[in-house]
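Shared between the two complexes below is chain A, which pairs with chain B and chain C, respectively.
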Partner chain A sequence: MASRPGAIPPGGARYWDVALFNAINSFRSIFWHEADMHHGRRLMMGYLAAGAEPLFIVLVLNLLFTMLARHTPYGRSSLLFLGTGVYPIYMFIHTSIRMRSPLGRGKYRVQFPMERPLFVLFSNALQHYITYMCVILVFFGALYISGVDDAIPYDPVRALEAITGVYLIGFGAGIVNAIFGRMFPVWDLAWPAISRTVLHFSGLYYVAAYLPPTTRYYLLFNPMLSGTNWFRMAFYPFYPAAHSGAQYVIFCGMGLVTFGLLLEANTRQYLEAKE
Partner chain B sequence: MIRLRGVTHRYNRRHVILTDVDIEIPTDRRVALMAGPYSGKTTVLQIIARQLTPWRGRIERTGRVSFIGGFHTAFRSTMTARQNFGFAAELYGCNPSQVIGFIAEISGLGDLLDVPFRQLGLQNRISLCYLLTYALDFDTYLFDNIAGPWISEIKDFHKICDELYAQKTASAGSIFATREPRVAVKYCDSALLLRDRKLYYYDDLQEALAIVEEDRLAAESLAANPNPVPDLPDKLRALRD
Partner chain C sequence: MAKDYWGRGTGFLTPRDPDGDAPAAERLSTEPTARDAKPKRSTFTLPRLPQALSRQKGAVALDELKVTARPKADAPGYFDARDARQPAFPELVRTVDFGRKVWFAVSFVAPLVIGGIYLFLIAPDEYVTEMRFSVRVPISAHAANNSAGAGSFDVVYGGNGPPTTDPLDNFTVTDYISSAQAARDLDAKVNLRAMFNKPSDPLSKLGEHPTAERLGKYWRKMVYANFDPATGLAVVRVNAYSAADSFAIASSLLSLSADVVNSIDTQSQQDSVRYAQGQYDRAVARVAGLRAELESFRLKSNVVNPERAEVSEDLQIVDQADHLRSQDLAQLDMLKKQLGNPQAPQILVLQKQIDGLTKQIAAARASGGALPGEPRMAITVGRFEDLTTKLNQAVSVQSSALQALSEEKTAAQAQRLYLATYVHPSKPEAPLAPQRWLDMLLILVSAAMVWVIGRMIGNSIMEHD
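After this line comes the complex of A and B, so read on.
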């Protein structure tokens, strides 16, 4: 009855061919299915929810700056300075929280065998990346329309690289969190609170280069501070970020993703048996 | 062909299901997976279906192996049956409209396909999940004890399932877990026996059934006399006499 392009041809199967077809087909199906579930009928609500929290933080901090009559630490617009800090940081926070769900507790019981954990993980990751990029585009686009000319980055490629680097750290942290959360359930409750402390250590409302050398030395171990600096360098041509490095962000991101995937592969059977 | 290579699976240290199993199971035969109660038939089926990861070893599948017939936990309760079945069809490389059309035609529940899955009655949900198994094209179908539910709001549903089973297995294989010889005879023509934590394939179903019967008699006699007096050595017997 139904067509089946992935079926193995009789006598002489090209297994890698079929496996590749199945992988692409599964990935595509899961991607659209997840999109339907998360955003489906409440498409606008889904995107609004993703962008509401960082927008709220930007507006509250901007209000505080205004009430305290404090000038923006760098540049002309405090909204832009705060936005270039909040959005990369929230890219990390939300990614590290959301990437727990595809590998969540007992998930293997409520999925078709064809929904392999890594397909579900990567399709969720891609979907989250696209969603967040839309949220960021809307924020900076609105800022530009409202009269902040610098809201369009002078180096868009660098902005894209920076946000992708930060996303990589969030993705890796999300995989590790998913596994830790299954091993130690309390971790699932603790991580959202812990991750939000990153806001204060990642240069959201200060410029790292202006801090005392000792404080800066210790803060720069936090890769998110380098990620924020990297993102701001795309908006401010002379942003003082000599102390932080893009390589460090990539290195931490790749390291976390590799560690997370290895951890997932090596604990899969143990966790299934435990649950 | 489904190949199990060095597969070991256990729930814990004491409850071992399979120990270092190496076997090839044909994908074009109707195979009865037989063993006594609580010996792990469903677990073996779940391992073959990739619903469980074995403790050790690997499994190679050179054909499309189904999920266990009637598998329903993968459906999202907030989505409609149409959305759920459409997703399953796409996931398994089938045409969603053909699959949904097939289910609607056989079940006669066309109107109910557009309400959220959780609003369907339990019987309807299970019946639709069995129909989905038959609507998708596989090289090997997996069933646990039944080919379709006996209780359903769809009239004569188990008979419909039996017909669909016969139609599908005319050109595909199946693995049917059961401990009842009459069920094995009805649905299968070869057997896979789970004995002493190993799997043994028998091309001839009758040969396998004879072994199952022997095992059953042995188990019954053990149950009737749990501590039999061992045969005494000759010298002791002479002393006793």
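After this line comes the complex of A and C, so read on.
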């Protein structure tokens, strides 16, 4: 056992405390470095840009509903109903797209050996999670201030759990995407388009429970629909979402993360050699 | 003695003495040792490569390699590595390997073993009773509610339209079923606490002396109630630790649900009747008040009805008397001027006639009439008309209120809602939960995922030493 962190162990043995100490330092430096690169001084509008697209979608859909003289199928506020659908879905879309960055093509060439790929990935993931949570807080806070009392969740813990569950799916999908993108470059172009179709299959502007049973049965295979329902249940105490389960969201998320990490570990040398 | 680059014994190529003095082969032949009695197949570990080499990417950690060899003591060049007096490595701590083993045991093996023991040896069987129903509105009520339009199914249902579900009341019933209130009601009816305390498994049982909150939380775990707005149907599943209990709970729950529907129905009907009764009572009181006011006015004005014929005749008499008196007064004035004697017999007769007419008019006025053109008569007639109009309106309102009350009472006698149970609870014959193999599979997959993710993170951390 090493007497102090960082000491060279006799005989070149491997010490977990030294490793952990170095790993934390490495993670911390990677986190702040990445934060500086993506959302800091070098990209002034970075944080704002993270929330601009979902906000735009919410406003456009709300305008569309107003022009068609229609009201959203649940709740008193159309903005709240659309917001509770758009933000979890965009949490998934943006996470699955942005997680490609830390594992990107040739990324290892510009990193120090100490910056292990998994740590770069986790620091990016944490950073993205924090950013997006701020974006969500700003949107629902603004909605509350503007007079929509229901914008404060009925069950805040459930809201946090739901958004984290959705984030887990996005994180796992992001790792898989990163590897697929390096193996098949066309995937990098296809995925942003594919991911946005999730908007239409995840209950953004409809309530899944009101759909015909057969349609609903197939749509519920999409874990994002369960994620959206889960998030809405935090805002609407009687939201009809008995058909979808939080466990399914977590299970899919964990499965994707596991598959992604295994894929990354097993293709690392191959991809680096290929590139 | 042959030594390698780092000054350690190379081991397996050159036989050597443990002390470095005599050849090993020679010692083997003269000094039988304990190892000669050991099994022929033995295992020994290859010497380590230096750390710098073993850390190269793709290098195999030689300290982990195990080589199996069949020792041949008489073979030339035979060497047993245990004879080598290599420098000891007391500071060598295989923390990584140990950690990996611990992580594997904790994250993968332990959940599987614990889960398997619990599921197959401890977890009690659960019997599931299912029932399906819908809160319906009868045909007649539906027809009354939707008299404006006829649907496509109206022909099938005799022009009344199909009986429909009431989504709000369906939601109410399913929400009630999964509520703590339902648990309390059931507990009072079938002793839910005793039923849920039957298993010996402390993780499954409700627990001794549970609070109402604990009972409600536990109940939500044991019941599933859902209303499907798309089909208008509700499904309820009740779990219990015996088939009889499951059936008893489900049957009681169905009865309680019907009570809830009836109470919703009764309450709304009672509200409607109460409201109609209130309207009618107010109308009756208004009519009575106006009638009393009119009676009082009649007594005060001595006029029964100013529009009636007798009153008109009285008024005509007064009018004629007044007219005659005017003529007499004019004649009296003329006679006084002509005769110049106020005591003339004609004047006295005329004066008496005028006095008589004046008394007659005064009497008529005192009896409630009024002289034509006097404002009092107009006021009397106006006031009378006002009271009469108000009374007529109040009577009309009273009549409407009476009709509404009658209709509400009739509606109250008919059932507006009813619980249509199309899948009745039936006593289960075999337990349906827990699904042990499926649960084991989920534990296996989940544990594997946790193990892999932890292992990946651990590897990344250990790459920083």
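One rule holds for everything that comes next: the second predicted complex is superposed on the first by the 260 of 275 C-alpha atoms of A that agree within 3 Å, B and C clash if a C-alpha of one lies under 4 Å from a C-alpha of the other, contacts with A are read in each partner's own complex, and residues count from 1 in each chain.
One rule holds in what follows: contacts are C-beta pairs under 8 Å (C-beta built on N, C-alpha and C of every residue); 3 or more make two chains touch, one makes a residue touch a chain.
Because the structure is predicted, anything quoted here is derived from the model rather than measured.
Asker: Could you say whether A:268 touches chain B, chain C, both of them, or neither, answering first, second, both or neither?
Answerer: Touch partner of A:268: chain B, not chain C.
Asker: First (chain B), second (chain C), both or neither: which does A:145 touch?
Answerer: neither
Asker: First (chain B), second (chain C), both or neither: which does A:68 touch?
Answerer: In the superposition, A:68 touches no partner, neither chain B nor chain C.
Asker: In the superposed arrangement, does A:26 touch chain B (first), chain C (second), both or neither?
Answerer: both
Asker: I'd like to know which partner A:111 touches here: chain B for first, chain C for second, both or neither.
Answerer: A:111 sits against chain B, while chain C stays out of touch.
Asker: Classify the contacts of A:193 with the two partner chains as first (chain B alone), second (chain C alone), both, or neither.
Answerer: In the superposition, A:193 contacts neither chain B nor chain C.
Asker: Please identify the positions on chain A that touch both chain B and chain C, taking each partner from its own complex.
Answerer: 1, 13, 15, 22, 26, 114, 269
Asker: Using the touch definition up top, name the residues of chain B that touch chain A in the complex.
Answerer: Per the stated touch rule, the residues are 11-12, 49-55, 62-65, 67, 71, 73-74, 76, 78-79, 83, 87-95, 98-99, 102, 135-137, 139.
Asker: What part of chain C is in contact with chain A in the complex they form?
Answerer: 50-52, 55, 57-58, 89, 91-96, 99, 171, 175, 224, 226-231, 442, 445-446, 448-450, 452-453, 456-457, 459-465
Asker: Quick one: in the complex, what on chain A touches chain C?
Answerer: Where chain A meets chain C, its residues are 1, 9-16, 18-20, 22-23, 26, 114, 116-119, 122, 209-213, 216, 238, 240, 242-243, 251, 254-255, 257-258, 261-262, 265, 269.
Asker: Under the touch definition given earlier, write down the residues of chain A that touch chain B in their complex.
Answerer: 1-8, 13, 15, 21-22, 25-26, 28-30, 32-33, 36-37, 108-115, 268-269, 272-273
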